Amino acid sequence: MSSNTRPRLRAVTLRSLGGSQLAIALAAIIALFVFGEIISPGFLSFGHLMSVLRLSVFLGIVALGQSLVVMAGGEGIDLSVGSVLSLGVCISSSLLLGKDANIPAALLGTLAAGFGIGMVNGAGISYIGIPPLIMTLAMASVVEGLSLIYTGGYPKGSSPPFLEALGNGRTVGIPNILLLWVVIIVGVTIILFRQRWGAVLFGVGANSVTAELSGINVKRFRMFVYGVSGSIAGLAGFFVLGYTGTPYLNLGAPYLMTSIAAVAIGGVSLAGGSGSYLGAAIGCVLLTTLSSILVALRTTEAVRQIVYGGLVFVIVVAYTRRRRD
Amino acid sequence: MKIRRVLQDPSFPSLLMLILLVVVNAIIQPEFFSFQVFRMNCMTFAPLILASLAQATVILVGAVDLSLGAGISLLTVVMASLMKDSAASIIGVTALGVCLALFLSLFNGFFFGYFGPPPLIMTFATSTMWFGISLLIMPTPGGYIPATYYGIYSKTVGGFLPVPVIVLLVAIAFCLLLGRLKAFRHLYAVGGSERAALASGINVASIKIFAFLISGVFTALAALCVVGQTATGDARSGQGFTLNSVAAAVIGGISFSGGKGNYAGAIFGGIILGLLTNIIYFANITSFYQEFMKGVIIIVALLFGALPRLRRALLPSREVVR
Amino acid sequence: MKVLEAKGIRKTFAGVRALCDANFSLLAGEVCGLVGANGSGKTTFARIVSGLLIPDGGELRLYGQPVDLRSHLHAELYRMAMVHQNLSLVSEMTIWENIVLGREETGPLTFLNNRKAIAQAEMVLDAISVKIPVRERVKNLSPDEKQLVEIGKALAKDPRILILDEPTASLDFQQVESLFRAVRKLKERSVSIIFISHRLWEITEICDRLVAFRNGETMGQLDFASQPRDERLIIPLITGQELRERARKDASLREQEISHKGAGGPALEMRGVSLDDRLCEVSLTLRRGEILGLGGLQGQGQEEILMILAGYLKGHTGEIFVNGKLVPLRNTRHAIRQGIALIPGDRHKEGLFLEHTVLSNLLYPKISLHRGSFLLPMGRYQKLAADAIHTVSVEPRNPRLIVSQLSGGNQQKIVVAKWLALSPGILLMNDATKGVDVATRQNLYAMISLLAENGMSVILYASDNEELIDNCDRVLIVFEGRIVKEIGAEEISDEKLVIFSLNIEHSGEKAAVAGPQG
């Protein structure tokens, strides 16, 4: 029986983190890197490895919010993360204006905006009963529009030195943002498996009636999870700004569907109630590596899209097939 | 008794919304009821209505098709690359387009039916693939569609029936035909409760494939209209249809859990979204706000459609789960 | 003539031997009961006979011919149908659409022939004396009506053998009677029926014979043609031992005990509680240490009362007092903090996280209430879980098992243990022993009685009158959202329960209306 459906309240074993599915994903990553080295020598160099991992971080942060929303059940999904990230970039840069001193204000503003948007999603989904797919999809349009309105079409500002160091700099050769991500992964895993909030989350996702009867206000909890997802997407935008230096519109678009794919690859059941963030994180690395290879192959966007889509297709179909056996 | 059945029909709220929007649109847009405007609206609305029908079929069986838009794009690209001036070419390429649409849908349907992956991600993957193939064939919008073809689309038959309306009538006839089919009843069963359908001896996998096949027919018609309207192949032309078709179906009362709702609602939903776009355009909202307003209005429309559920949500929780 | 004969059926699942030597036979036109504890193999056997499972060994004969059933559709070719609990109805569709589902008659071009379908549905329902209009949507039906539609659906296949798997779970006596009427009509038409149930009084009422399973094999038979219809004869076959008659304390002794404890005031009081059209001015008092029963027909508001007290249903008017203090009970957390615990009846939908571990399930309410340390105290939790498993004797004892792998009875034990672990002052039971075998049920109630003697107060709703009679100190009859009668300890009897459930004023003349006599 595949072990990706058992969150445990005990020692965080490899099984509880996703088991054989993750082993396959890890093997695939290694295989891809080897392949990359063959077609483009230097691919497997430490510097390049770190570059790829660094790129995965931004996707990884977006995937965190997505994972939480999916784990909370009720066919949860957040299709607004891409546009919230874009909005996060715009808000951050306009508040930062290139100065380190503005970081707290910018961070707060971005998180608050993301949280607010997420709460609107959550309210519509939990309290009005609009299916998550549609609610968040519609909000994505709204937020896209908000970005336009807020920036007037021309995003202003730029990222300050500290943030750029975080996004681009390295410590002992390892990208700073990657170190931050590792800390986040560890922290999130502890919360999911050893802390009250995580346990409650898995229950809500597994069976909302049972959870409600056990004293959880499911509607409020789920709304809050969407709020968290929104603020995390905003945070991702904040970091992406650190990486790019100057803001552009629609930076978040590529992150949306890949975050969902990463979550699915990582063994988080789309029905909710099981999975782990580590799995999603590995999924992010896999997808980013794949993108990187496609770029190294100097393929056109067309080929990249086909290969990318084809691979996700195969993985998703194969996974479900295994689960049925 | 009959009145009660009409009032309780899942498509009823969308009908009300539709009437309301027609009134608003008539106020805002000059000469709304003139034949010229009517014809233009039909030309613009037809693809979306057909896309809603396609999406509705898929949602009814308990899935969703995020590759709908990309499929339409791919069709426009293929047709615009191949079509020449001769009548044989026009007819041949059109037929090819229809077959391609069916193939794309069957591809989705086959894997969904026999392997059962989550339709959201699966169709996202296929949409990426179709998009890639479209880019491969036609990296920038272009191609060639003979005037004979797109000319037909803007013609009127008998002086009062625009061609798009005829296409819609064909689609409606198809819907009525479907309603009498055994497989279609089974579609509702599979969407309503897959377990019950299995227990009743229904071949669930083939019904799922059937649903996607039907959706392919509607998608084909939608693509033919898009080509007739734009006369170009464009890998991005179908992008808007995905969200809009889902929203239209849901606004029209098709329930996301499957097995509930009907084609009338899907049609109303499609028209509603078309009217909304009109209203936003004619209300002279600056382009910056248009996307924003569109999203807001869709949410409001969904709220409206969720009213019966909203009423139950505000009142004490009725279900004592059994 | 033996329409069905099974010899030496064997079946093993992943190392667990579900059946090792099952024997069974069924004659034409008879109703044969199939009884056994949870895990005895009777459900596995029923599924094999109906074609849902393929046995590892043994012989199955239908109408004298050996058969090898490959699927339930294959079994239907032999005119055998199995009726589950509401597993094959699509709630959005109408009754007639459901009855012909999968076997619709079509004209040319596979166009549906609705008129024929409707006529067939009406005919089938008429054959079992069911009066619901066939155009009604299934989602609007009550549980027993749905069950009857399920039977109708099976009947439409014109079976000669019908397997009814727990058809009466959660049905009240009136609904059971209507079901029995349908069964008797089927007998008249020479349909043979296998009747699986945990409710022994039903078995003695409707069956001609019964077969008992234990530990995967046939343990014994009873033929009511030659033996008395007495439940006490059945129980040893199921449990393998003489039933220790649960020492029920003398009613007056219980009264004394309770009044004694009642010095501190009632544990719970409801005054004038109303909930839209479902409850009207419900007032009741729950004394400390008492087991108060809620009786009456199904769906009269008993569940609503319990759900309001649990904090799950909101929007009610009226006042609720816990230990003399007025509490608003705004949500479930609030109720739990007041010491109220609800054991739900539908464990799959309301009581468990099927894909989570036993540990995770047992501790969830505790975790949700956790305050203080940032991390959860896993050491303490492990111990609590082990204690809980021990208290209710869950088998197997491994807290890391996934709950879906346990048998139904053990799953229900986990649900009970989960709530008892909170040491509630007030325990609410919402038909909590549905689908649980008699031995497990007895143990659970023994445990609850003990807790009641130590001060826990219980409100118990059961659709099975026997449970109310056996376990309650007092019973309140609910009818159309109101409490219409209070039956004190001395007078609880099946007859009284039936009469007052029907809300008939004059007990004497209407006694004949009542169903099974106690």
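By letter and in written order, the chains are A, B and C; residue numbering begins at 1 in each of them.
We adopt the following convention: contacts are C-beta pairs under 8 Å (C-beta built on N, C-alpha and C of every residue); 3 or more make two chains touch, one makes a residue touch a chain.
As the structure is a prediction and not an experimental result, all values here were calculated from the model.
Student: Look at all chain centres (mean of CA atoms) and spot the one farthest from the centre of chain B.
Tutor: The most remote chain is C.
Student: Across all chain pairs, which one has the most C-beta contacts?
Tutor: A-B
Student: Whole-Å distance, chain A centre to chain C centre, using C-alpha means?
Tutor: 45
Student: Averaged over CA atoms, how far is the centre of chain A from the centre of chain B? Could you give it in whole Å?
Tutor: Centres of chain A and chain B (C-alpha means) sit 30 Å apart.
Student: Tell me, which residues of chain B touch at least two other chains?
Tutor: Touching at least two other chains: 321.
Student: Would you please write down the residue numbers of chain C that are in contact with two or more other chains?
Tutor: 312, 349-350
Student: What are the residues of chain A that contact at least two other chains?
Tutor: Each of 209 in chain A touches at least two other chains.
Student: For chain A, which residues are in contact with chain B within the complex?
Tutor: Spelled out, the residues of chain A in touch with chain B are 75, 77, 124, 127-131, 133-135, 137-146, 148-149, 152-153, 209, 257, 260-261, 264, 270, 300-310, 312-313, 316-317, 319-321, 324.
Student: What part of chain B is in contact with chain A in the complex they form?
Tutor: Listed in rising order, the residues are 64, 111, 115-118, 120-122, 124-136, 139, 243, 246-247, 250, 256, 288-296, 298-299, 302-303, 306, 309-310, 313, 321.
Student: Could you pull out which chain A residues touch chain C in their complex?
Tutor: Residue list for chain A touching chain C: 1, 5-10, 190, 194-196, 199-200, 202-203, 206-207, 209-217, 273-274.
Student: Which of the residues in chain C end up touching chain A in this complex?
Tutor: Chain C residues touching chain A: 310, 312, 331-333, 335-336, 342, 344, 349-357, 359-360, 363-365, 367-370, 374-376, 378, 381-382, 400, 402.
Student: List the residues on chain C that touch chain B in their complex, please.
Tutor: 72-73, 76, 84, 87-93, 97-98, 101-104, 106, 110-112, 143, 153, 170, 275-276, 303-304, 307, 312-316, 346, 349-350
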